[in-house]
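A, B, C and D are the chain letters, set down in written order, and residue numbers restart from 1 in every chain.
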């Protein structure tokens, strides 16, 4: 015999086995012949797949999982020492890889979550991409992110959205390294194959390396209930590039104080929450990612909830206990965890701290836009 | 040596190798240690993945591929003989499995396309699911699909949308088998984990087995430019359950006739096209699937186009040549083929036929809803 | 006595009188001085006006009123003999003047309704205006309205919208005069001062004087549930220029037949109704005018309803009794009547006719767009 | 002579005269008979009215006019002495009556503008109405407006929207009288007959008479880019009840500073402007009224503009010159003036003041919602 025919078609990736079970045809020789025909013609019947493809409710491939902040920072810091930042790799970002998503850098099937680390004086080069991104700062300061030439300060508690297709670079203007988290819709873009990317200038200009307290975007758009007449609408992405902790903290404190005064303004007793919004629409900051900050008063517990779509949380402050499906963890500052689609979630603040502050991002805007969102609060069925 | 510790954590799915390349850190012992740390902690750096995850433009994992109708019908017919239809398997549907999507029954990363086959007298049991679906009939007749109790006739050329969460069953009221194609957003729902499913009654009622020429939905919603005052809005799904070939054909013929009379109403010379729309909104029939019928006059060629998102085509009538990326096929009635995201596409009708009619469905509404749609027509860059 | 000072300010239009009543200040000399001061400074206090300006619910200045079709036609026909049609006067249109709106040609505070009349061979010159308009044909045929160069046939039962800023002319291609009704938002534009007008060509081209059975707009947009891919969205106005009686009649007949078969698809027993819609949005044909056709089966009576905003009705066929507030009339083909804002309305078809067909147009889209719409059906309070 | 027949119909309000002119039929006996027929049947032809009803562009019935603040305050203060506030009259509000709108309390055909005045310790009783309202405070403080039980402080520079159908009362908690201006859409509601009104409690509760620095609405909704998760959407009206001067002032100052730094963020050199928006939608605070604050740097002049719809301005600070159509005035704090539909408008700040701050409200949202808005900036044709 001779070498394989180079013109032969590649072997079919389809593999079908006749099995016993409800809704399955009886195994037989004829069935085997049929399945071989399916394989040859690149066909797969519904009846062998329906249980996996069409479950009664979402059964996530992702697992609940927790990453400890000290371990993230330790490894990021080590990367800071030995991995340079520059064109090609683009960013010193290290992503959470959900343990049941095959080793891919996907926190959930739709969301990317990473720790990014920048050494003193370092620059991350300019680029832009259609993936939507944000930064959230759990500790530290000293880095400015430069978005379309507008330098934006990053400090503890700040939320910095960076909607798709904006040019951006980062530079550390301080004498200490700085770490923060990035959230993006990379897995969603990857599965749906809708992503574009462009490299920018090798170096940003000197003026863009300035370190103003407030970015231009904040000076234009950061005034409550006011919009600048000169600026166009921005339905696909928020024009406000920084949401400062001083505002977020005050909004949460106001809700808890109003609750104390007898007004029903919390999600449940002791549970305040705000959503970061696009001031030009009132909607989510980005078309695919919803970002929120939650605060539980000492000892308070959130109502159990589950919803279509997945979320990633980071503990911003305090300590407490979180429950995701069958898993439960004690959590502290910086810890990150994943809530898969339709998994029940609750959080409880410790009694001996002022409270528990949780930053959350999730993919709910995708499902709302497509009329596919569902949520259960307070009681979640089987 | 002893048995494995049953309490040991499962091995990490993350595997990282230091490699040489632009943007990659120099391989070193320290880097190896770092990568082992990443694996242990379920972390993956961006710099090893960015080329795959963030390409310059969509590079689809799916391949252009063609399935011949006669082969589909032959296998479906064989399945009709040996595979029963009933609860559990639910439908005798056989799906196209794109050759580069790992043997999964996914025509593209977001779309399911299948041939469904029903023998004389057979019933497919009632169920409902959040996945959006439609039927398109390239030949035959005799089956009624019963949607929320409304029997809808299926005949050659008819398009029958079935938006998510409507109860539906099928029954073949004729003496011949019947085949048609189903399109759904199963892969999209599967990746994004947003699907719900319920089984319905074991048998639909006698009245629902009637075989009216027109469904109730058509009698209510099938009048051009008119809406029934008694019916609520239906933004998430079209309330019209059948789009008849007589209307589609006439609309396409009208466009070509108007073009002949000197009016610019075609997409390009000799290329007429209509979209199936939700009469209560004017938008797409379903939130995730766009459906269209295209007609090329004999010898006419469409302008090359590519867009974010994928499509599946079926030849409804005529013959011609279609080009998808690097592939080119001669096509005839019933043949189905796939256009992956951002792959250039053109079609040309043969000169010796009246024309080429192409049914198309795609996932563009997803990207439009999320402000992520892009399209190039006429000239497509590198 | 001397001549009036030509430089003196014009006398103030404000006139105030102290009166006795709840919420009114006691008449006094000081009050008189205050009121003279108000007059001088062009000021009016709320307290003397609030009863008129801020009633408990709308109290229309317009009256219910009926115009008999035979009288309208007789006078229009007489105008046909002695009043030419041409530039300046523009149209031989004769408007209903609500008896309590001061002799202005306003059927209601927002709506214009007129009979238009064109003699054999006559042309009405081309112009365009931002006021939205439509034609409805209660009898006759032979006129084509030419909209942006597209000749549109007008026949009994046809509804022909003509959204603002489209060029249009009319020509009578037949040997008989023809009458029809025009509806516009002239009073609304007049009060809100938002109107623009331009004269067009003195004569339309020969090709535009052709008399096709179907207009180009119908060939593009008149297919149920289908939209032409080549045409842009048209959110502010329907692109479909004719809604034919054959379709309207069939839609109404279908509803009554479905009701007979046991389905709840009518507004109330024996009361079918359709709305004319923009096929590119599913919404109203024009931003300010809603148009509908109602059919009451012999002997059926509509549920009483009242709503914010006014309507004008024309009897298209049959006979019956209509009640508007305190007024009640026996009506027959062509009769027109007005339902003021918040006035209760019911209609009842005679028992000895097949039914009563009522064409209706109203201003509800204005209030819906401004979140100001309210409606009561079935029981209307004091 | 005999007594009038009590059953005779009332005399027709229609009066028609045959006139000479373009587009007019030749006067004749037949025409006179026709016109008498029209009068009898309550009909008016288009050809005698078209010039008034369908002008080439809006020709406002309203006049440009200026009211001096000192005269308004003087008369309001006098009213404070002799006109009580209470149920029936409801408010001590004194409205601007445009000199060419027949003595009605209408600043423009759609807008009401009034000075309201409350004596120390006085209450204005609770009521609600569908008319949309706001308060703007050009000077003074000490009054709280209580909206749905939420006391809202009023101080110089504050803008306080009060969308339709919210319960509201006012109380003066200080030892001085206070004046402010009210803006409403009363004329628009009046012409379109869409208004509802309800009286509320005779006295508001003691807790509602508290005088908090910040209202509950501000504590919930007054944080930039943040929304409370517990609160529903509010598309028809802003949930934020006070826009504080400190924010408005800072936003305007930021724009001028950014301009100085070389960024194009002003409407034209030296002209900063913000719009008050609904934080839950990013759109106008109310469906019918747009509110803005404009700031001209010393010596700067705005670009001439005209638009469909009318506006009322109040000078908040500084001095300057404003031009409206043919009129020009020197203006100072508190002065109010009217810009009719389509009248060209410019403002110029004096050179010897820090600048000119102008508060503006207008009816543009009505026209935008109805696709009828038009604007010209920079050059306005004949």
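Heads up, the rule we're going with is that contacts are C-beta pairs under 8 Å (C-beta built on N, C-alpha and C of every residue); 3 or more make two chains touch, one makes a residue touch a chain.
Just so it is clear, the structure is predicted and the values come from calculations on it, not from any experiment.
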{"item": "Intersection of contact partners for subunit A and subunit D", "value": "none"}
{"item": "Centre-of-Cα separation between subunit C and subunit A, whole angstrom", "value": "53"}
{"item": "Mean-CA-position distance for subunit C and subunit B (Å)", "value": "45"}
{"item": "Centre-to-centre distance between subunit D and subunit C (centres being mean Cα positions), rounded to whole Å", "value": "28"}
{"item": "Residues of subunit C whose C-beta touches two or more other chains", "value": "none"}
{"item": "Chain pairs in mutual contact under the definition given at the outset", "value": "A-B, A-D, B-C, C-D"}
{"item": "Sites on subunit B touched by subunit C in the complex", "value": "216, 219-231, 233, 238, 240, 243, 247-248, 250-251, 254-255, 257-258, 263-267, 273-283, 285, 292"}
{"item": "Subunit D-touching residues of subunit C, taken from the complex the two chains share", "value": "10, 12-15, 21-25, 28, 30-31, 34, 37-38, 41-47, 49-50, 53-62, 65, 67, 71-72, 75, 78-79, 81-84, 86-105, 109-110, 114, 129-131, 164, 186, 188-198, 235-237, 287-288, 308-310, 340-342, 363, 365-367, 369-372, 374"}
